[in-house]
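First the structure, which I've put down as structure tokens, then a few questions once you've had a look.
For clarity, chains are labelled A, B, C and D in written order, and residue numbers in each chain start from 1.
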Amino acid sequence: MGRMSGKRVLITQTSAFMGADLVETFRAEGAELILDDRDLSVPGAATALIEGAGRVDVLLANLAAEQPRTTVLETDDDVFRSMFEALVFPLHALVLGVLPQMIERRAGKIVVMGSASALKGMPKYSAYGSARGAQLSYVQDVGVEVAPHNVQVNAIAQTFVENPTYFPPSYQATEEFAERIKGAPIGRLAHGWESAALALFLAGKESDFFVGQVVPFAGGWVTR
Amino acid sequence: MGRMSGKRVLITQTSAFMGADLVETFRAEGAELILDDRDLSVPGAATALIEGAGRVDVLLANLAAEQPRTTVLETDDDVFRSMFEALVFPLHALVLGVLPQMIERRAGKIVVMGSASALKGMPKYSAYGSARGAQLSYVQDVGVEVAPHNVQVNAIAQTFVENPTYFPPSYQATEEFAERIKGAPIGRLAHGWESAALALFLAGKESDFFVGQVVPFAGGWVTR
Amino acid sequence: MGRMSGKRVLITQTSAFMGADLVETFRAEGAELILDDRDLSVPGAATALIEGAGRVDVLLANLAAEQPRTTVLETDDDVFRSMFEALVFPLHALVLGVLPQMIERRAGKIVVMGSASALKGMPKYSAYGSARGAQLSYVQDVGVEVAPHNVQVNAIAQTFVENPTYFPPSYQATEEFAERIKGAPIGRLAHGWESAALALFLAGKESDFFVGQVVPFAGGWVTR
Amino acid sequence: MGRMSGKRVLITQTSAFMGADLVETFRAEGAELILDDRDLSVPGAATALIEGAGRVDVLLANLAAEQPRTTVLETDDDVFRSMFEALVFPLHALVLGVLPQMIERRAGKIVVMGSASALKGMPKYSAYGSARGAQLSYVQDVGVEVAPHNVQVNAIAQTFVENPTYFPPSYQATEEFAERIKGAPIGRLAHGWESAALALFLAGKESDFFVGQVVPFAGGWVTR
């Protein structure tokens, strides 16, 4: 009997970002998993996913897009918009799809796997950071709005977490990474399961008092 | 001889939000004003504006869109995207247009007239608040990136400021407003010129050390 | 076999603030409890407590003092200092006492039961809020400093949590409370066990990546 | 006719921290200066200062103490308390002394020259950072409380600003400094007059809408 037993948990974009670790952690805790890996930047994809998902007790909104790492001047309109198409618009579609059943049951959890990069300025992050910032403000507003319905919406604002999308082994081998990790007082990357453990906490009954909250998860890089 | 004398200052969307107050304050300080009121959500509009603007020493990115005040469930995809079309994508286009000349001169100021609503969860703000949040994270990233070029990009995150778009007299007369203003310890709206005075500070040489910063302006509603 | 089995957990000021709930939650998870209820504002008391405590795997720094609820002008020097004598100086003494053994073992957790009142301005909070603010900055600095020793120091910044010190039934019956709770989007107090569940998360191995962090716990009253 | 003409401005601890730059900037703007350099950690000193100061329109609470730069374990009780004796208790005494006349006149400004170190964890800052954190929470609470009296209390949370106490030329010559300044995206120290210019803004009528606010001033090291 795990902490998620009896819970139907939807995990999106399973092959990217925190997907694999979320699957492993929530499966180990007895969740009934609804796994999906379609491209949610396609119009209608997020809505279709929810329509086919049946009951969803927990939505783990795991959305990722390759950080373009362009300077502002290199970030043309297409690159800029693509971040919002991948990270922001599907998030709203997922939330819009899943909220009615949660509100009706007066029970439900949404955890957005977001980024700490939205909390602190960084060079070459204008497009990605801006879209991640939109996610966090969105979570604050939706979380506060639906709190009276006993539905909890929160976000993890993470960085320095091992995952195939943003911190693959190839990136960990670069000098840029060696320089950048100095900014994390803890001096190491988080294992993927550690971020999944925070998601598990935010998906469980014990965190019902968290609503519309952004929880930094960054090894001391940001601390509030 | 005003504090802006010799400076060419571009103010966008002059008929909305802080437009009128910015015009008045910067004119009084001797700026050479470049005023524009076109709809910047039209594709290409922001780019065209900059191309025709000549030298721009200060860009006051005054972008506004009516807050839809819809619940999350009432916020369909069109409403949601329209906030980004009005507030976020034109901001990047304006910045992208104006930065090259500023970087080349190693001098320039961009002040984004943003919203404190991005800093704190509020019901019925999911679309608007999310787009305003994107603006703030964008400013942080761009501001930090271009700081070494001696160009300063900052944002005002305001609320409870008199302006025709968000706090018109008709809204000030509602019970909703009477309840809401209780949340501002100062107990009054800011006059428009007070927000413009902060923009003036951020547009002047005395604030060169501010880069990528979000300055709340909210009468104590948020204080950091 | 609970999540704290084999762990020696020190809880201070057990009769106040979150003491009772921490005892119950950590006992249920199999911790070996070291319980203390002495007045830690007495010089030397905190140091003596640690000297007699033996091995401490987890320190739950539960420090409380009655909020004087005085206006600034009513807050004389004695009242003001008394908050620091109760909340800040003993915290440093406890940390100073317990860190050497934790650093030597390269293992240890300190969770400070702090207050969200330090995060947002409130009338009649100058003394109490200031001392609570000192706690949070202290945690940030110590947490970042000792992170490389594999010791984790974090804080909960809570409010609107049922407890005998700050939200006793008598206070819950007041009009002041009825007005104040409107500021919490969730619309209810947290049960004491919910705050203890967060402390449990921060005391466990799954949160090793949290260092020097301030976690608001406030039902949406603050969200980052 | 300067921006401070007709204003009586009290500057404390003039030989330390931002004292010299505040004197120069406010004198140039026509203020009538009340300058004091006594040791305000002496009991009663702050109270005596205010009693002898006559009318004070603007209080620039410039309080400094040498950062001990001790590790947590090296920070004994005396070192720890000395930071609060120098930075926190005199601040309250100054505010307590000066507020009654400001409240009576329904006019007055208090600007606290604080530190950004309270906003972000740093090694070897536990005592200093904690006291600076107390200052900032204090300003939030007092600022919000006295806002209805038309008195404005705000703080500058600065770092990387040239001054004889924290960034003297001798420190600027160290390798530690060379490493540390990399954390400031702007890549330079602020001149002292730049911080004084922010204090001037916060001391003037144009910033009356700022109450209980903490304004980071850190060249991008923190941005909100």
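One rule holds in what follows: a residue touches a chain if its C-beta (ideal position, glycine included) is under 8 Å from a C-beta of that chain, and two chains touch if they have at least 3 such contacts.
In this text the structure is predicted, and so the values were computed from the model without any measurement.
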What chains, if any, are shared contacts of subunit C and subunit D? A, B
Farthest chain from subunit C, comparing Cα centres? B
Under the over-half criterion for shared residue numbers, do copies subunit B and subunit C use the same patch or different patches to meet? same
Inter-centroid spacing, subunit B versus subunit A (mean Cα positions, whole Å): 28
Express in whole angstrom the distance between the two chain centres, defined as the mean CA positions of subunit A and subunit D. 39
Residues of subunit C that contact two or more other chains, please. 119-121, 123, 136, 140, 143-145, 185, 211-212, 220, 223
Show me the residue ranges of subunit B that touch subunit C in the complex, using the header's touch definition. 120-121, 123, 183, 185, 220, 222-223
What residues of subunit A sit close enough to touch subunit B in their complex? 71-73, 75-77, 80-81, 84, 88-89, 92-93, 95-96, 99-100, 103, 117-127, 129-138, 140-146, 211-212
Subunit B touches which residues of subunit D in the complex? 119, 136, 140, 143-145, 147-148, 161, 185-187, 190, 194-195, 197-198, 200-201, 206-217, 219-220, 223-224
